[in-house]
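Just passing along the structure, written as C-alpha cells.
Note that the chains take the letters A, B, C, D, E and F in the order they are written out, and that residue 1 is the start of every chain.
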Amino acid sequence: MVDVFIDFLGSTGFMNLTIQHVIMLVIACFLLFLAIGKGFEPLLLVPIAFGMLLTNLPLSGVMQPMTVMFEILTPGGGAEGVIETGMEIERVVQNPGGLLRHFYTGNQLGIFPPLIFLGVGAMTDFGPLIANPKSVFLGAAAQFGIFFTFIGAILMGFTPQAAGSIGIIGGADGPTAILVASQLAPHLLGPIAVAAYSYMALVPIIQPPIMMALTNSEERKIKMEQLRPVSKKEKIIFPILVAIIVSLLLPPATPLIGLLMFGNLLKECTVTDRLSQTAQNELINIVTILLGISVGASANAEQFLEFETIQIIVLGVVAFGVGTASGVIIAKLMNKISKKAINPLIGAAGVSAVPMAARVVQTVGQKENPSNFLLMHAMGPNVSGVIGSAVAAGVMLSLFGG
Amino acid sequence: MVDVFIDFLGSTGFMNLTIQHVIMLVIACFLLFLAIGKGFEPLLLVPIAFGMLLTNLPLSGVMQPMTVMFEILTPGGGAEGVIETGMEIERVVQNPGGLLRHFYTGNQLGIFPPLIFLGVGAMTDFGPLIANPKSVFLGAAAQFGIFFTFIGAILMGFTPQAAGSIGIIGGADGPTAILVASQLAPHLLGPIAVAAYSYMALVPIIQPPIMMALTNSEERKIKMEQLRPVSKKEKIIFPILVAIIVSLLLPPATPLIGLLMFGNLLKECTVTDRLSQTAQNELINIVTILLGISVGASANAEQFLEFETIQIIVLGVVAFGVGTASGVIIAKLMNKISKKAINPLIGAAGVSAVPMAARVVQTVGQKENPSNFLLMHAMGPNVSGVIGSAVAAGVMLSLFGG
Amino acid sequence: MVDVFIDFLGSTGFMNLTIQHVIMLVIACFLLFLAIGKGFEPLLLVPIAFGMLLTNLPLSGVMQPMTVMFEILTPGGGAEGVIETGMEIERVVQNPGGLLRHFYTGNQLGIFPPLIFLGVGAMTDFGPLIANPKSVFLGAAAQFGIFFTFIGAILMGFTPQAAGSIGIIGGADGPTAILVASQLAPHLLGPIAVAAYSYMALVPIIQPPIMMALTNSEERKIKMEQLRPVSKKEKIIFPILVAIIVSLLLPPATPLIGLLMFGNLLKECTVTDRLSQTAQNELINIVTILLGISVGASANAEQFLEFETIQIIVLGVVAFGVGTASGVIIAKLMNKISKKAINPLIGAAGVSAVPMAARVVQTVGQKENPSNFLLMHAMGPNVSGVIGSAVAAGVMLSLFGG
Amino acid sequence: MDINKALLTGESLLDRLRDPSVDMSFGDKLAASLQVTVLGVFIVLIALVLLYFAINLMEKLLREPKKSATNIAEDKAAKAAATEPQEEEENLQGADEQNQQELIAVITAAIAASMETSTHNIIVRNIVRNTDTTPAWGKAGRVEQINQMHRM
Amino acid sequence: MDINKALLTGESLLDRLRDPSVDMSFGDKLAASLQVTVLGVFIVLIALVLLYFAINLMEKLLREPKKSATNIAEDKAAKAAATEPQEEEENLQGADEQNQQELIAVITAAIAASMETSTHNIIVRNIVRNTDTTPAWGKAGRVEQINQMHRM
Amino acid sequence: MDINKALLTGESLLDRLRDPSVDMSFGDKLAASLQVTVLGVFIVLIALVLLYFAINLMEKLLREPKKSATNIAEDKAAKAAATEPQEEEENLQGADEQNQQELIAVITAAIAASMETSTHNIIVRNIVRNTDTTPAWGKAGRVEQINQMHRM
C-alpha cells in the first residue's frame, strides 16, 4: 500500500517540477498579467499564455505527439513475396496524443493563420488605400525592418529559415509571423509568437519616440487633403485584383493573401453577409482559441529558455523600430516629391498592427495640431502594410521553404 | 545577383501562366459577376468562384496534396526479421499540402454535404408536406429528369459513375450533387458543382416557359383548398419516421437523409433551440465557406477545360427541364384523378431548389389569377423533392459506388 | 431485370433487419420521448438518441471505419534493398468511412469532452466556492460514490478499465464520463453515456429521498450565513490557481481541468468576451451536436444489448446514490465540527450535475423552511463537484490508462 | 441487344455497365441505362409511397375530433383555466395561456380582415402554438428563414 | 489474500488487477479495489484540500479592510470623483462610476425592501461591479446562463 | 568574400546560405543576407507598385464625372423619384431611397455643425450608400469593428 502511494507521488507533477518549469510558469502568469491587467492584445495573449502554462506543467502531456504503430498482418510468403504482393498493415494507436498537439496540427498544416486572415479581411475596409494608392509605397517601405532584421539574425548565427521567421516579427502581423515560423522554424514558434504579439501590443509605446525623432513640428502639423469617396464597385473589384496580382507575383503568399481578400470580398459584395459575419465572428474566434492555446503550448521550457529567445526578443524590437523609421523616412521623401502634401507620420502606420498603428499616428498628429485628423489617411499605409508583410512572408517561404 | 533575379522571375506565376489558366480566371471572374452583380446563389457561387480563381493561379499550390514519407527506423535483423517482428516506421511530412486541399478533405470524406443538410433541415418546415401527403408523388415525379439524363450521359460515353453524378444535377440540390460527384466522379466535381448551383440560380428563367407550355390557362387558375393545420406532434414524429423509412429502404442515403431529418428534429422539438440555431447559422456558414472554396478549387484548368464540361452543362439543363416537365405532367394527371383540385403548376416545384421553385410557382400562378396563393401548396412538392433527390442519390451510390 | 430487383431488395435495410435492431430502434425512440416529451437533458439526449437510431438502421454504414491500403510503389532491389533504402508507399482509400465515425474521432482522440468543458467553464461562476472554500470537502465527499461503484464493478467481473469508467457515472458529469470511457473502455461508451446523462436528468427524482432519509427536519431548516462578496481579482486568479494545482497533482486531469479553467478565465477576465461568448455558445453547440450523435452511434445492437448494459444501468444509479449520501453525511459531520452552521442538504450538491443538484437542494430546503435560500450555498459544493470528478477521472486514467 | 451473351456468362447488363473493362454496343448501353432508370424511378417511387402511407397513418393515429376555430379557442381557454397550478410552475408557459387565447381572437380577426374571409375558415391554433414556445430571437429567425434558405 | 505470492513476485495487488492475464480470487479483487478506493479518495481529498488552502491564501493576500456597504459606496464615490481624467479616457468606464454609485443606493434599497432586511446587511458592491463591465448582450447571456448550463 | 569559389563551384551565395552543411565567413554571410534584402525589398516593391498601377487603372475605368455633394444628393433624389416601380420591388431598397436623401441632408448638416466646416466639403454619398444595404445588426458590427480588429 505504501508502495502505491510512493508510486503515485512519483507520478505527480510536483515531484517532476524543475526550476525551468517554474520560470516558464512565472513567465506565463506575467503574460496573463500583461494581457488582463494591462490590456495588451488580450484576445491572443490570454490563450497563448494559458497554453504556455499548461504545456509547462510537467507530465501533463498536452503536447505529446500521437504515436501509431503499423503492424504487418499478412507476412505469409516471405520477405520477397510481401514486397511483391503488398502487405496488409494495421494501424494501432498506442497513444492518442495530447489535446493541444491536436489543435497544433492546424498551425503545422498552415490552416489556422489563413483562417484568421479570412476574418481579418472580412473586418477590414480597404477604402482608404483605394482612395490614396500612394499609400502602398509606405506599406512597402515599412517592410524594410523585416529584411534588416534578417541580416542581423544571420550574423548572430541563426539559420536563414530562423532568421526569416524572426524578421517577420517586424511585419507586425501575428498570423503571418505564426505561419512563417510554423513552416520554417517550428522550434522557435513560441518565442516568435510571443514577441510578435507583445510588440503589436506595445505599438503605442515603441512608435511615438521614433516618429518624434525623425520628423519636425512643421511636418507633423501637415494637413492632408480629404480622401475621395470610393465606390462599392471599386471595393468589390479591389480584393479580386489584389489576390490575382500578388499570388501571380509570389505564389507562396497565396493562402494568406487569397483568404484575406476572400474575406474582404465576402464583406464588400454585401450579398454574402451571412458568411462575412461568421468569418469575422464565430469562425475567427474559434480559430483564435485553438491557435492561441496551441501556439502558447509550443513554448516549452526546453526550447523557450534559451539564449536564442532573448536574441529574438531583441531582434524583434529592432525589426519593429526599423520598420517604423523606414516608413516615416519614405513618407518624408514622398512629401518632398509629391504635389499633394503628405504628413510623414502616416509612414509609421505601414508596419501593419491594424488599426493600432493608425491610431498612434492620429494621436501623435493631433498632439501637434488638434484640428488634424490623420486616422483615415493612416489607414491606407496601415492596410497596405498587411499586404506588404504577407508579400515579405511569401519571399521568405519562397527562398527558404520546402 | 542577376541569376537570383532570373531565378525569382522563373518562380513567379506570371512566367508560368498558360492560356488555359487565363481562360479559367476569366470564367471565375464571370461567375463572380453572376453571383454578385446578378445575385445568382451568391452564398455558394462567390466561394466556388473564388476557389476556382485561386486554384488557377499557377504555382499557388493551394490544392497540392500532402506528401508523406515513411522511413523505416529499425531495420536490424534483415528482411525476414523485419517482416516477422514488425518495424518501426517514422512518418515524415515532406510537404504539408495546400490549404484548399485540406478543406477539400471534408468533401472527399463526405462530411460537408451532410452538415449542410443538417442546417437545411433546421431551416425547413415540412408542414405543407405533412398537411398534403400527395405532394410526395410530385417530389418523386420530378426526379425523373435525373434518370433521363443518366441515359443521355451513358449514351454520350460517360462512365456510369460520371453519368449518375451528372444526372443528380437535375435534382436541383447542390449538396446532394456535390456528395455524389465527390464519391463517384471526383474529377468532374468542379463542372458538376458549378452547373448545379448555376441552374438552381436560373430556376426563375428555366422553369416558367416549360410550365406555360405544358398547362393551359384554366389549369393555371385552379385554386387549391386551404391546407389543414399540422400539430407540433406530427412535425416532431415526421423527421424520425422519414429517417427510418428512407434509410431502411436505401442505406446509402442515410448520411444525407439522416442529417436532414436530425436538423429538422432539432428545430421542431423546440427543446434544443440552441443546437438548431447553431446548425442553421454558424455551422452551415462555416461549412459553406470551406465547402464552397474547396469545391471551386477542384476546377483546375486541366480538368475543367474539356469537352466533357460543355456536355455536363448541356446535360444539366436537360435534366432540369425534364424534371420540371415530368413534375407538371404528373400533377396534371393527379388533378384529373384526385377529388380535390390540384394546380398542375405546383408539380414544377418538385425539383427541389427550395424555396425558389415554390416561389416561381407562386409568381406564375398569380400572373394568371392575382388572387391565387400557391406558395404553401408548392412547398409540399418542393420539400419532398429534397427527399426525392436524396433517394435518387442513394440509388446512384448503391448501384455504382464502392 | 427481375434479378436486379431481387438484388436491390437484398440490399435494403428491411431485409437485413434483425430483432436486435428493432429493439435498439425502440430504445432510441423511447430516449427521444424522454428527451423531448419529458424534457430530460434534451440538448444531449436528442443527439445521442438520434445517433443510436441511425447506427442501428442496418447497412447504413454510418459508423464504418475508413479502410486504407498501403501499396508499395518501388519494390526494385529486392527485400533487403527496400528495407535499407526505404520504400515509397501509396495510401489508397478503399472506403472513406462512415460520417458518424469521422465525428467519433473527436471522442477517440479526447478532443470533444475538453471543448465541452471549455464552454462549461465559460458559463460557470466559481464565486460561491471562493466565498466558502469549505465547499471543496463536500465536492470531494460526493466522489466516494465513484470508488464505491468501482469496487462493485470489479467484483461483478468487469475489467478495472471498465470498472473505472462505470464508476465515473457517479460523478454526474457527462463529458468526464465520456472522456474516461472513450479512453479506457470504448466498447462500453454507449451504455455509459446513456446512463450518465439519464441519471443527470433524473437528479430531481433520485436525490430527494436520500436527502430526506439522512437528515432530520431541524437540520434541513438550518439557515446559512450570507456569502461574502468575491472580488473580480479573486475570480480571475482562481482558475489559474486551480489549473496549476490540480494539473501538478494529477497530470492526466490536465485536458479537462485545464480547459474548464481556461474557459472560466476567458469569462472572468472580461477582456476576452468575444472568445468567451463563442466558447459558451457556438463552439459548445457544434461540439455537442458532433459528440452527441457520434456517442449515440457507438451504441450498436451487438454491444448494447448485453447483460453488461443492465449491470451498468444498475451500478450507475448505485454510484449516484452513494455519492449523494456521502455528500450529505460529510456535510452533517462538518456542521457538527464547524463554528458556522452548515445545512447538510448542500452536501448532496457535491455530485456535480450543475446546476440541477443545487436546485434540488434549494427545493428540498425550502419545503422545510420557506424563507430558506440555499441555492448559492449549494453552488459551492456543486462546482467543486465538477473539479472533484475531473480529479477522480484523472486517478482512473492514471491507474488504468495507456 | 446481346441477351444470349448475358445469359451465357450469367452477367447482367447492369454488371457489364459497371465493369469498365467491358465495351458495350450503343443498344446495350441504352438497354442497361433504361434498366437503371426503371429501377431508379421505381425505388424513388417506393420510398415516397412509403412516406405517403406513413404520413397518413401518423395523421390518423394522432387525429383529434375536428372543431371550429372558435370552439377550439374556447376549449383551450377553459383548459388553461382548469390547469393545476403545479403544471404551470413546471413549464412556465401555462401561466400565459389565458393571454394567448385572447391573442388568438385578435390575430384571427386581423388576418380575416386583411384576407376578407369570414373568421371561422381560419384555424390559428397552430400559429399561436408556435409562437409561444419560441423566444423572440427565434421568431425573428423564423421570419428571415425563407429568405435564407434559397441561398444554401 | 495471497500476500505471500505478491511478496514473492514483487507484484503489488494493483499490478495484478491491471494485468488482464492474471486470474484473481474474489478476496484479492476486493482487496485490490479497496486499495484503489483508498488511493482514489485520498488523492481527490488532497487535491481539494490543496485548493482549500490556496483559496484561503488568495483571500488573505487580496483582502481589503472590511467596511459596511454604505461606507464602501461613499468611498467609491469619493474615489470616482478623485480619479484622474487620463484614467477615464483609458477604460471609458470611469466616467460612469459616479452614476453607478447612485445606482448602488437605489438597488440596495430595492433589494432590502423586497427582502425586508435592513440595508447594511447587503453588500451590493460586487453586483454593480459585474454589471458595469459587461455589455448589454452579456448581461442577457448571464441571466440565461444558469438555465443553459444544466443542459450540457 | 570568396567570390572565386562561388564562381568555380557555380554555387551562388544564396545557395550556400541555404545549405546547412556549408560554413560561411562573416563577410559571406553579410553579403548573402544583403542579397536577400535587396531581392526581398525589390519584390515587395514590385508587388506594391503593381497594385498601385492596378488601383489607378481601376479608378480610371470606373470613374464618373465629379459633382459636388449637393448636386449628387439632388441627382440621387431625382433618380430615386424616376426609378421604375419594378426595380423597387426587386431589391426592396429603392422605396426607402427618398427618405435616405432627406437623411443625407440631416447627417451632412450634423457632421458639418460638429466639425465647424461648410457643408459642401463633406461628401456623404458613400456613408449613406453603406448604411442602406446593411441590416441593423450589420451596422452595429461596423461600429464595433475598428475596436475588434486590433485584437486579432
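The rule is simple: a residue touches a chain if its C-beta (ideal position, glycine included) is under 8 Å from a C-beta of that chain, and two chains touch if they have at least 3 such contacts.
Only a predicted model underlies this, so the values are computations on that prediction, with no experimental measurement involved.
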* To do: Using the touch definition from the top, list the chains contacting both chain D and chain F.
  => B
* To do: Name the chain whose C-alpha centroid is most distant from the C-alpha centroid of chain A.
  => D
* To do: If you tally contacting C-beta pairs, which comes out ahead, C-D or C-E? Let me know.
  => C-E
* Asked: Which chain's mean C-alpha position is the greatest distance from chain C's?
  -> F
* A-F, C-E or C-D - pair sharing over half of the B-F contact pairs -> C-D
* To do: Would you kindly tell me how far, in whole Å, the mean C-alpha position of chain D lies from that of chain A?
  => 49
* Could you please state the distance in Å, as a whole number, between where the Cα atoms of chain A are centred and where those of chain E are centred? => 35
* Asked: Which parts of chain A, given as residue numbers and ranges, touch two or more other chains?
  -> 8, 42-43, 79-80, 82, 87, 249-250, 274, 277, 282, 288
* To do: Going through chain E residue by residue, note those that touch at least 2 other chains and give them in order.
  => 14, 39, 43, 148, 151
* To do: Identify every two-chain combination in which the chains touch.
  => A-B, A-C, A-E, A-F, B-C, B-D, B-F, C-D, C-E
* In the complex, go through chain F and note every residue touching chain B. => 12, 14, 35, 38-39, 42-43
* To do: Please give the residue numbers of chain C that touch chain D in the complex, ascending.
  => 1, 3-5, 8
* To do: Please give the residue numbers of chain C that touch chain E in the complex, ascending.
  => 41-44, 116, 119-120, 123-124, 129-130, 133-134, 136-137, 139-140, 143-144, 146-148, 150-151, 154-155, 159-160, 163, 174-175, 226, 229-234, 237-238, 241-242, 245-246, 249-250, 270, 273, 277, 280, 284, 288, 353-356, 359, 384, 387-388, 391-392, 395-396, 399-400
* Asked: If you look only at chain A, which of its residues touch chain C in the complex?
  -> 8, 11-14, 17, 25, 29, 32, 35-36, 39, 42-43, 46-47, 50, 53-54, 57-62, 66, 79-80, 82-84, 86-89, 91, 93-99, 102, 281-282, 285-286, 288-289, 293
* Flag every residue of chain B that touches chain C in the complex, lowest number first. => 68-72, 75, 78-80, 82, 87, 108-111, 114, 118, 183, 236, 240, 243-244, 247-252, 254-255, 258-259, 262, 265-266, 269, 271-272, 274-275, 277-279, 282-283, 398, 402
